[in-house]
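Below, each structure is written out as structure tokens.
Note that chain A is present in both complexes that follow, paired respectively with chain B and with chain C.
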Partner chain A sequence: MNAVVLIDTLLLLLVTATAVAIVEVRSLYASSILTGIYSLLMALVWVNMHSMDVSFTEAAVGGGISTILLIGTLVHVGREEKPIKKRLHVPALVFTALTGAALIYGTLDMPRFGDPAAPIHHYRVPEMMAQTVGFVNGTPGKQKPPEGFDLERYRRFDGRVTGPIPADPTDTAWREKSILQTEGLIVPQVRAAHEPHAEPGHHLHPPDDFNGHVPNSVTSLLAAYRGYDTMFETTVIFTAGVSLILLLRRPRREGYLQPGAVMSDQVILRVVTKLSIPFILIFGFYVITHGELGPGGGFQGGVVLATAFILYALIFGRAALYRVVPPPVSDMLTGLGVLIYSGTGAVCMLLGGKFLDYSMLNPELPGDGESLGMTLVEYGVGITVSMVMLTIFNQLAEERST
Partner chain B sequence: MHWNEVVCTVLLALGCVINFSGSYGVLKFPDFYARLHAAGKTDSLAQVLILLGLVFVTPDVLTKIKLMLVAFILLIVAPTATFAITKAAHLDGLRPWTRGGRQ
Partner chain C sequence: MTGALGIYNYWIYVLLMMIGLYGVIAKPNLIKQAIALGLFQTGIFLYYISMAVIDGGTAPVWTTILDGAQKYEGPYDNPLPHVLILTAIVVSVSVLAVALALIINIKRTYGTIEYDELEAMDQADKRADYQRGQVVDAADDVEHRLEGHHHA
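Let's turn to the complex of A and B:
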């Protein structure tokens, strides 16, 4: 049996067991911790499927910050679930079974895992990646355009591969045709289906486009091809933060910053926190900046940045955190992130392109402009996400002390 | 088998055994502090051993450095987290288990 499938099966069994346990367990504390475990297990499943970005987000958001926020909520609502009479609710059971059956029926239409003939490996994605990382010719990265390069034509090129998806995945002639159609301007990095993986440790894995390494197709897709989606995802998070402020923030009363038990008189905690916060911040910025080329991006990096602030508040108290990031500043930064994202799009329009057409940012080197735009946009996402996470934490904690 | 694979296998096996004993301790020990003792001590050691084992088989120098960095950070952060949890439980008024059975 393929080791990847074996690990996947084991992990998914554990995931199912955890999900059942979350429903069954009476203590809300236990179920919050189990939710964290569920996220970590899912992160492992994603790693096993080579989707590092999703795994990263799952670990940072699901395993990390959600657990903190859930436990913060438990302080208000109590540890135990109210006892309820358990009886069979037939309409609910029927509805759940039908939904489950419909979902399973839907998966039958999906391509097999790692299928080289899957549309994602042919339709737009290879060209998108080639556009994003510049002029890929075997080596990923930003390179100067070749001699006699027709910039206008490059701009007009929207990455369409004409022709049907080949029935036979080993049919490389179709790929060569599609490459020829772009007249050698962009050479998509499409791995032939039968070509084995070069790197050790990957030989058991089905072939995919990026083999777990750069260039990262996810960010190219999220920030360029699906730039609108990602912008509105950021706006959703922004809206969540604003709603939370409107719902929970109250006028400050005397003593609203009274700390419970402050941990800062513990030398070990103080020293280790002070030592680790700079590294957490650097790692957060690294993840955001790296998102342009590798696994990472604004959402994950933003959450990592937020954990640094939350750790500071946990150890030194929220009064200290408010001195570092006063609520007006965090509110302003929440909006600033969305402004950076949409502003980048608007600048591209002012320079004569379409909204979020990053290649306009550097007309000499479109690939360079793409990565500059994406980095800007990722920073916008990161700022908004981290500040919203911080606001959620602050509001929950403030609620407790008033 | 090359020598570095042998070292890696030994370290991984050792890490797994220690991890297993930690999990067993979490299940068997009588109270919160003792369980955390089992989890915290063995986890940091087991994870560091596993990471060091992997250092011996990765061909890439940058990955080696990253793995060692992760091991080093774990060595500092994992015991601190255990300490923080214990301290919080202590401040919350949880008394350690004794043979007399006051808890």
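Let's turn to the complex of A and C:
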């Protein structure tokens, strides 16, 4: 038994126990706090399974925002569940037991945990992992090969690979394997005009290959391979913000400002909050900007940014927050994020490419263009996510006079 | 990993989903139902992320590029499930927020968020309507039921 499986086994037992407690504990307040614990345990599970981005998101969203939202709601609806006479709901138990048995029967066919032969590790993975742009491998891609492009020479990495190469030019897995196995990163000189370039912190890379710029393949998948999907996920979040405004915002004539509870008379809370907010903001921007280099990105960074504002509102009151970010401003920024995302796509179209074809942003060095485009859309996602989280918090905390 | 431990993660995913499902069905409190729905979602997240793991793999960040001195020749875990789930987590908090907003509105309208009490109030309303001899319009009735019941 290796370490991953051992830690996984123990953590998941804890997670399951927490889940049972969340459902069965009678106090809704306890249930909400347990939800935060559950999310932090889940974040550990994700780290153990090497999905750093998911873990980051879970810690920020589940451990941070969700718990605050739940507690904010309990202020309105009361913190105790009504006592139930029968603790065990027999029909529900029978139903879930039968469904669970059917699902477990289904899992018997699943590939074993971590099995390298599992289909998921083969189907389409080479294309996804070898996130390349332009004319790579001579496949009909986003751009035409330049004049005098020698496919054979390119695939042999300037003659450094002497053995047989696969006949199929779309075999990108072979190309990546060669890159990984050969000493020193291979730089095919396909365009005389553009020397391969390296920056501090980066390796030498071919000018059309953005793996040199986007080492985190989760981000390259998120923003390029599944760019449309991510754009509409952002729209879903935007819609949630709009829904909250429609459902809970008071009429404008009643005014936004409501002092509510303020904790700024507590010296320790006040000082610690004012000290930590700049660092939270810097960290949020760091996470958004470095999404393509390491774990993080617009979703995580946006949530981190929102927590800075929410912390400020918790300590100094929402009236103080509204002086910093008035509701009309946060409403506009919510839409601006989606606009930046789709606008980046539209600019790529205007430059002659396809929608969200970031390489068009810098046709000379498509790898740089991809990197730039991804940073732009990550900022769009970050702005929308942070402002929607802020709007959700504000609306849930708002009291209606009627 | 072979044997029973090889599908241990998938059993836990089923267990988490079923705990969530049990909560949604068995608990009359709407907040509890919203939380249980979240448990159901994390079960699915676990299923996806478990599939992405590969023996001896590591996080899908290209370490060779960041650190040229040390070669890592793979394998990497599959990044695609990670992408799907990280967006799904943010969407799940949006779902939770909209559910909570609806619950607050229900509380303001009905004064309770216990499903069985809401049901009883709706039934009493309808009985009173019939006793007064009012004909309940079918479309009106559907709308009424939607307002009261359908937010689980």
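Assume the second predicted complex is superposed on the first by the 261 of 402 C-alpha atoms of A that agree within 3 Å, B and C clash if a C-alpha of one lies under 4 Å from a C-alpha of the other, contacts with A are read in each partner's own complex, and residues count from 1 in each chain.
Methods note: a contact is a pair of C-beta atoms (placed from the backbone, for glycine too) under 8 Å apart; a residue touches a chain by one contact, two chains touch by 3 or more.
Quick caveat, the model's predicted, so the values are computed rather than measured.
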A:50 contacts which: chain B (first), chain C (second), both, neither? second
Between chain B (first) and chain C (second), which does A:73 come into contact with in this model arrangement: first, second, both, or neither? second
Looking at A:263 after the superposition, I want to know if it touches chain B, chain C, both of them or none. Which is it: first, second, both, neither? first
Using the superposition described at the top, determine whether chain B or chain C touches more residues of chain A. C
Based on the superposed arrangement, let me know which partner A:279 touches: chain B (first), chain C (second), both, or neither? first
Partner chain(s) touched by A:323 [first = chain B, second = chain C, both, neither]: neither
Could you pull out which residues of chain A sit against chain B in one structure and against chain C in the other? none
Chain B-facing residues of chain A, complex: 200, 261, 263, 266, 268-269, 272, 275-276, 279
Where on chain A is chain C touching in the complex? 1-2, 4-5, 8-9, 12, 15-16, 19-20, 22-23, 28, 31-32, 35, 38, 42, 45-46, 49-54, 56-58, 61-62, 65-66, 69-70, 72-74, 76-78, 81-82, 84, 89, 91-93, 95-97, 99-100, 103-104, 107-108, 110-116, 118, 120-121, 125, 128-129, 179-181, 184-185, 201-203, 205, 211-212, 215-218, 221-222, 226, 229-230, 233, 236-237, 239-241, 243-244, 247-248, 293-295, 297, 299-300, 303, 385, 388-389, 392, 395-396, 400, 402
Hey, which residues of chain B end up touching chain A in the complex? 59, 73, 76-77, 80, 83-84, 87-88, 91
What residues on chain C touch chain A, complex-wise? 1-2, 5-12, 14-23, 25-29, 31-32, 35-36, 38-39, 42, 45-46, 49-55, 57-66, 68, 71-83, 85-87, 89-98, 100-105, 107-108, 113-114, 117
